[in-house]
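I have a structure I would like to understand better, so I am pasting it below and will then ask my questions one at a time.
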Amino acid sequence: MKSLWLGRVKDSVADRGRDLLGLRSHNKTAVSIEKLCLALLSEKGEASGTALAREVVLHYSRMSQSEKIAFFELLNTRFGPDEEAIIRAVDRYKESPDPDNYLALRKVSEPARQKLFRRINIAPNGIQAIVAMRADLLGALASYPDLRVVDADLKYLLKAWFNRGFLVLQRIDWGTSAAILEKLINYESVHEIQSWEDLQRRLASDRRCFAFFHPALPDDPLIFVEAALVKGMSDSIEPLLDEKTPVLNPADADSVIFYSINNCLKGLRGISFGNFLIKQVATELAREFPGIKLFSTLSPIPLFKRALNNPEIFTEERLVALLGDDLKPICDAAGDQNVMAAIEKLLDEPLLHEDIIADPLQRLALAYLACAKREDKPYDPVAFFHLSNGARIERINLFANMRGRGMEESAGIMVNYRYIPDDFEANHEAFVHHNRINLSKKLQKNFRALHSLW
Amino acid sequence: MKSLWLGRVKDSVADRGRDLLGLRSHNKTAVSIEKLCLALLSEKGEASGTALAREVVLHYSRMSQSEKIAFFELLNTRFGPDEEAIIRAVDRYKESPDPDNYLALRKVSEPARQKLFRRINIAPNGIQAIVAMRADLLGALASYPDLRVVDADLKYLLKAWFNRGFLVLQRIDWGTSAAILEKLINYESVHEIQSWEDLQRRLASDRRCFAFFHPALPDDPLIFVEAALVKGMSDSIEPLLDEKTPVLNPADADSVIFYSINNCLKGLRGISFGNFLIKQVATELAREFPGIKLFSTLSPIPLFKRALNNPEIFTEERLVALLGDDLKPICDAAGDQNVMAAIEKLLDEPLLHEDIIADPLQRLALAYLACAKREDKPYDPVAFFHLSNGARIERINLFANMRGRGMEESAGIMVNYRYIPDDFEANHEAFVHHNRINLSKKLQKNFRALHSLW
Amino acid sequence: MKSLWLGRVKDSVADRGRDLLGLRSHNKTAVSIEKLCLALLSEKGEASGTALAREVVLHYSRMSQSEKIAFFELLNTRFGPDEEAIIRAVDRYKESPDPDNYLALRKVSEPARQKLFRRINIAPNGIQAIVAMRADLLGALASYPDLRVVDADLKYLLKAWFNRGFLVLQRIDWGTSAAILEKLINYESVHEIQSWEDLQRRLASDRRCFAFFHPALPDDPLIFVEAALVKGMSDSIEPLLDEKTPVLNPADADSVIFYSINNCLKGLRGISFGNFLIKQVATELAREFPGIKLFSTLSPIPLFKRALNNPEIFTEERLVALLGDDLKPICDAAGDQNVMAAIEKLLDEPLLHEDIIADPLQRLALAYLACAKREDKPYDPVAFFHLSNGARIERINLFANMRGRGMEESAGIMVNYRYIPDDFEANHEAFVHHNRINLSKKLQKNFRALHSLW
Amino acid sequence: MKSLWLGRVKDSVADRGRDLLGLRSHNKTAVSIEKLCLALLSEKGEASGTALAREVVLHYSRMSQSEKIAFFELLNTRFGPDEEAIIRAVDRYKESPDPDNYLALRKVSEPARQKLFRRINIAPNGIQAIVAMRADLLGALASYPDLRVVDADLKYLLKAWFNRGFLVLQRIDWGTSAAILEKLINYESVHEIQSWEDLQRRLASDRRCFAFFHPALPDDPLIFVEAALVKGMSDSIEPLLDEKTPVLNPADADSVIFYSINNCLKGLRGISFGNFLIKQVATELAREFPGIKLFSTLSPIPLFKRALNNPEIFTEERLVALLGDDLKPICDAAGDQNVMAAIEKLLDEPLLHEDIIADPLQRLALAYLACAKREDKPYDPVAFFHLSNGARIERINLFANMRGRGMEESAGIMVNYRYIPDDFEANHEAFVHHNRINLSKKLQKNFRALHSLW
């Protein structure tokens, strides 16, 4: 069957429509975005519908930052909800909360911009434009907080459109198009991809990379995860990132290590796929490699150093208790009586002071992961993500990432969050309802000794 | 790039989830659909999310008609809007119609079933299930009118998901899968497809068939149109339906005749694509065959006979005026003084009475198309569809469809609605805003003579 | 990556070339096929190469039967080997059989038509044309035996082109294009496909159909096999052909029955793929359904009746010995003292005489399969095919195909040839080198009793 | 339709076969390649056929250079033609050159290795192995010239398999897989690709890259051509190679410049596709961009400097005549009375001496292209290739490639060979049959002045 992708056809429809509307490109400024949007919402024919949608997209793409803000304000006011109509509907509903009045209330409380966004989607590449629009809007929210109602509408729509039921899991490998691979290079922010050669190593036969795609955005991965097939649970990031690491025969692997997961489209912020992705990929790999016994991440603890320096989290009292007899050797070795300063100093040359600092660091990290909270949930966002997925903290690895950010943020520590399919459900429930932090047996034992010190 | 379609993967995720939930299939009745839906909406983990969604779909698929009604009622009440919460939100909004209160109102006025539908979509084939659900619901609305609020929600969601921006135009031909072609056979209701051989003729090289598909339903055409490449504007359906009609060399054609357009999925009723489809196909064919000069339909006027027999439309006075001097010959030939009865009789053997009946029939049909209205719009639904698309009535063809329904409903008459790209916009506007019926020059002339007689 | 199939591009190249050559289609007769072939072989440019090849194909497609014969004769003589040049090369080779003279001999002994066929392949659909040409040629060989040298060249080339290394195994199901499915309907000659509904049943979820394709002929299956997933080894064809047979859940099947295998392109006669196909499909199905324990055919014994009536095979003496005590009851029941005539009579109503005829029929069939030979190999071609593949005769099923041809040719008997992967090699060797007929244990036992009677 | 690529299936078949044969991989050395090849040629079953073929491929892939030579010698002798049998067949043919004896002669003169190669092709990736084998063999021919008969067989087979009728033209762009793009980087030898960024510029929207693929080698381009859409016929390579060159809107282009064409697989040497490729791509681009008026190459003249220094080509007499009055200024400027030495010196800083050297260089280059011959054909291989394709020499561009090899070999000169579809045929014929060098009008005029000086 020949497939005529809409893009091409829509372009023609749009071309004709533009001609009819006198929207010639040499005449760009003649029509304001407001008029275009009003026309797009009005009773215009389909032909002009596609043409108008394209003009809106084109117009928007040429806007300066300040013009975009003005456009968002327009969406907020001119295309916002009709307050008076809502009041009227509200009154009728209060009088009689019957289905008719309920539907009328719902209808009237949906602002015109919702319909506008839906119509813009008809344009060639309309969905890209809308996602880009939300990325711009999110960037503006800090300075223009009133725009968050506009964002609420955009997010609502995108959530419907990017329903996970529509997403397609695709493997990414060296046979993938350069256009998509280039996006991986651009979007990888956990462990930056240095070059095409670096990327090629990450896609070798002992690696797996999977992404979610939306069928209307076939060249735009929404989120991707990188995994390594290894022997034994990885305790250091270096072998996973080093291009020179010999390629393992996948048949010899017993473990899968997820070492990076990245969202790609800023405009989809708050619409989460990550949890789903890891589990699907684990399912997929379990099928491909029946010999795999362990699925785990190797993850940073990005707020650990910040927490260490936060006296409300690591109070003087807690620090002293947790460090115990190690307190003195640390201060002595560092030549500094301030505990935090001493630790910082030793961490400048961690391997030199391994014997002094290793045990205390393990304890501090475990206490941080298990006890440091924000509204009853883990203070660390990565811990929160994996624990809420139903994973458990399997192991804390010291000196596991000595590269820049790894040291600065996580004190070189990386954590294995282990995914055990049979435990997802129970772990997740215990975490969500009882704030339970799931730990491996060994960490549980360690934790019992620490618990009372926090 | 290897594409792992979600279906397969989701099935595994769902399998595992089902195990965890104790939702074994031998235990089907153990869990009520209400509990499943509540669980699906609750804070369950993702794994069980997919599993639960699948269970809901499975459960639903096994329901009897009465169980389905009970389920819809459940959606209407248990998963409907929270009246009290709305009242509270309404009060706060009236107090202060600020963004926060506005968003709160919108949030609370969205019923739980909306979220439920979105989560059901996660199931393997969830979208099919939801579309099928709406088809069932539509069938029940007549007897259970209170369910229309549930339908409003379903329709709202499906409208978002089936946004035309996501639809893909595909050509259907003999190289298309039998699974899809079988659906054409099943869904074609304008001119039934008698056999695979009939279908094959309709897909020969002088024919074109196009359909819209949604990427998540690759085997389900949403709507399809059948077109014939011919010489001259067709004035009869027979050559288009006759399997024996010789295949024309497409290069020799000067006209495209759209002779059938069918919606496929009952569950998408009210979400229209037809208008868009005809125009895109015309654009596509204009590109493929630069020699094509005319795009037109050959359409029935399905309510003509009913209108003729409706004394509120064709009043005695109008009939007499429109028939004029032809009145007597008709009654004489039929041996019946009742005009309508006489006409009916002559139509039993139309070709025998061609000379008596042809002119009056032309006049009646033109009057019907141009003057018979329902709320200021054409009484005939097919006329309404094409006129609102911006087409014009080009020609009225007598004795154009002598087959059963063609005679019974349309008195054998078929109409050419002509699509002239340059006129779409103006025609559409004139029709929408001024109720103008666009006619070809010749029909305009004829119409001037009739106008005052209505 | 956009793929521009050669067909389309070549058409353009060919169009231009045709213009240059003055080969306009209104001028078809102006150029003889001989001139076209000479030009195609000559030092013409590439553009005209493609154009010329297309003209040859076009010319050929319009030829009458007698013109085709004339063309083949032309290939035999005008484009045949250069006898004098061969004699010269032969002389030089005899003088000195060195590499140069050897290569020269080979070069000169290749006739011009070989190169011609290779160049015709450049035409759009050239390969189809060449395969069709050979089909025509094969049809003419009986009357024109001298053309077999031309056929030898064609076959040689096609054997190279259709090397199994290039063939692609594809599953055929209801999702396959109607164009391909139609070919199945046309080519199935073992058990005719009665209708599209019949075909659909044969492609249901408890059936599998696979075909080999050549990449240059994506719409032309070369050979296909139909298999049924069943419980227990099938002993009758009826349930496999009956559209009403309930669809089995594939997970419940323990056996795969190959019940039909058909070659499609007559032009590829003598280039066998069947053996390879059954084994690959068995491998494929063993992977898909680990629970399958048995792979077997259900096959006719198409020359059985002919052999029975052939007194050189079933001699009077053998018949009497094989029938033994059953001889009299048979003749009595039939009221005919001629053994063969008696058997024929009883077979008219086989089930009525089951108790009399069953045992003798088993013996006759087993003797036929195991003892009736042609040049030391099984007389029955189907037996020869499966035995040479390494299968064994597993069971002889009486009254297994009561339909027309089944009774006429095979006396209603069908045979299970069982494929046991671990035995292929040894069976094949024993069959090829020692003419051993491999039998199941039970049949071996039966055979020991019969052996001396032949 | 699900497509089960043979590779996967064949691997399984091969696996089973290997088991049967006891060809376990830990036992590699147990079986010699000779035995494997003999087995592959013998009456083994199909299952072992695939397994054996794979073993041969595996064996070969592990061979050292000297083992490969030994293997080729084996092919030459053990699997070469049967001399005695040929002599016998030869004798019979001389006695009676009838079809039977002719076919017998042909059959016997085909060596066993031909069949062996055909059977190796059954292995997974067999075709790759055979192409690689020929690449190795070609590398060895210089030292082992007797192996050329083996090469003749390999080439013969590959020529049949890679018949242009089977090749598929595909566009290569940034949406192509990295695996294929990497091959472009590796194989581009005319103008090396420096980096992925360089490649990306060469695949931008004002560039086109096309390659021929064989369906059995979907990831291996056989030959590719790079073209630029530009305004006006390019006279310098720099803007085409510079990553910084602004991307032209393709709609603004009037010319296509082919600036690089590369064969990829060494093992296909002598099987030419280039001529066909340029014409097909020109046809394709003419369709895509109706505004393109000119198709031309920008090519080096790689043997120009070598010819200049070859006193048999540029004899003293010719040089003096061609340089005329420019002789003295050149020698003066260079301070060297040896003409060639003087020219070389000035070419060290060509732009500095442009006014002195430009005219003479034009004359020398034109004389070289039009008059320097080898066996009546152009001495320059690039000129030979394009002229034999039917192109004409349009313009000679000085200082067109100042990069290393461009200066060293071509003295910085590049030539536009122009492809005018309507002239292909006549040009090609004139070139092939009459050795005519086709020149643009302007160059023809210049040439008339030079002609008598050579």
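We call the chains A, B, C and D, going by the order they appear; numbering starts again at 1 in every chain.
Quick note on the criterion: contacts are C-beta pairs under 8 Å (C-beta built on N, C-alpha and C of every residue); 3 or more make two chains touch, one makes a residue touch a chain.
Not measured: the values here are computed from a predicted model.
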Any chains in contact with both subunit A and subunit D? none
Dist(centroid_CA(subunit B), centroid_CA(subunit C)) in Å evaluates to 49
How many angstrom between the C-alpha centroids of subunit D and subunit C? 40
Centroid spacing, where centroids are CA-atom means, of subunit B and subunit D in whole angstrom: 58
Could you list which residues of subunit B touch at least two other chains? 1, 175-177
So which chains end up touching which? A-B, A-D, B-C, C-D
Residues on subunit B engaged by subunit A in the complex (per definition of touch): 1-6, 9-10, 12-13, 16-17, 20-21, 43-48, 81, 83, 86-87, 90, 93-94, 97, 99, 102-103, 105-106, 109-110, 118, 121-123, 126-127, 146, 148-149, 152, 157, 159-161, 163-173, 175-177, 180, 210, 215-216, 275-276, 279-280, 283-284, 287, 389-390, 421-422, 424-425, 428-429, 432-433
Using the touch definition up top, name the residues of subunit D that touch subunit A in the complex. 174-179, 181-182, 196, 200, 219
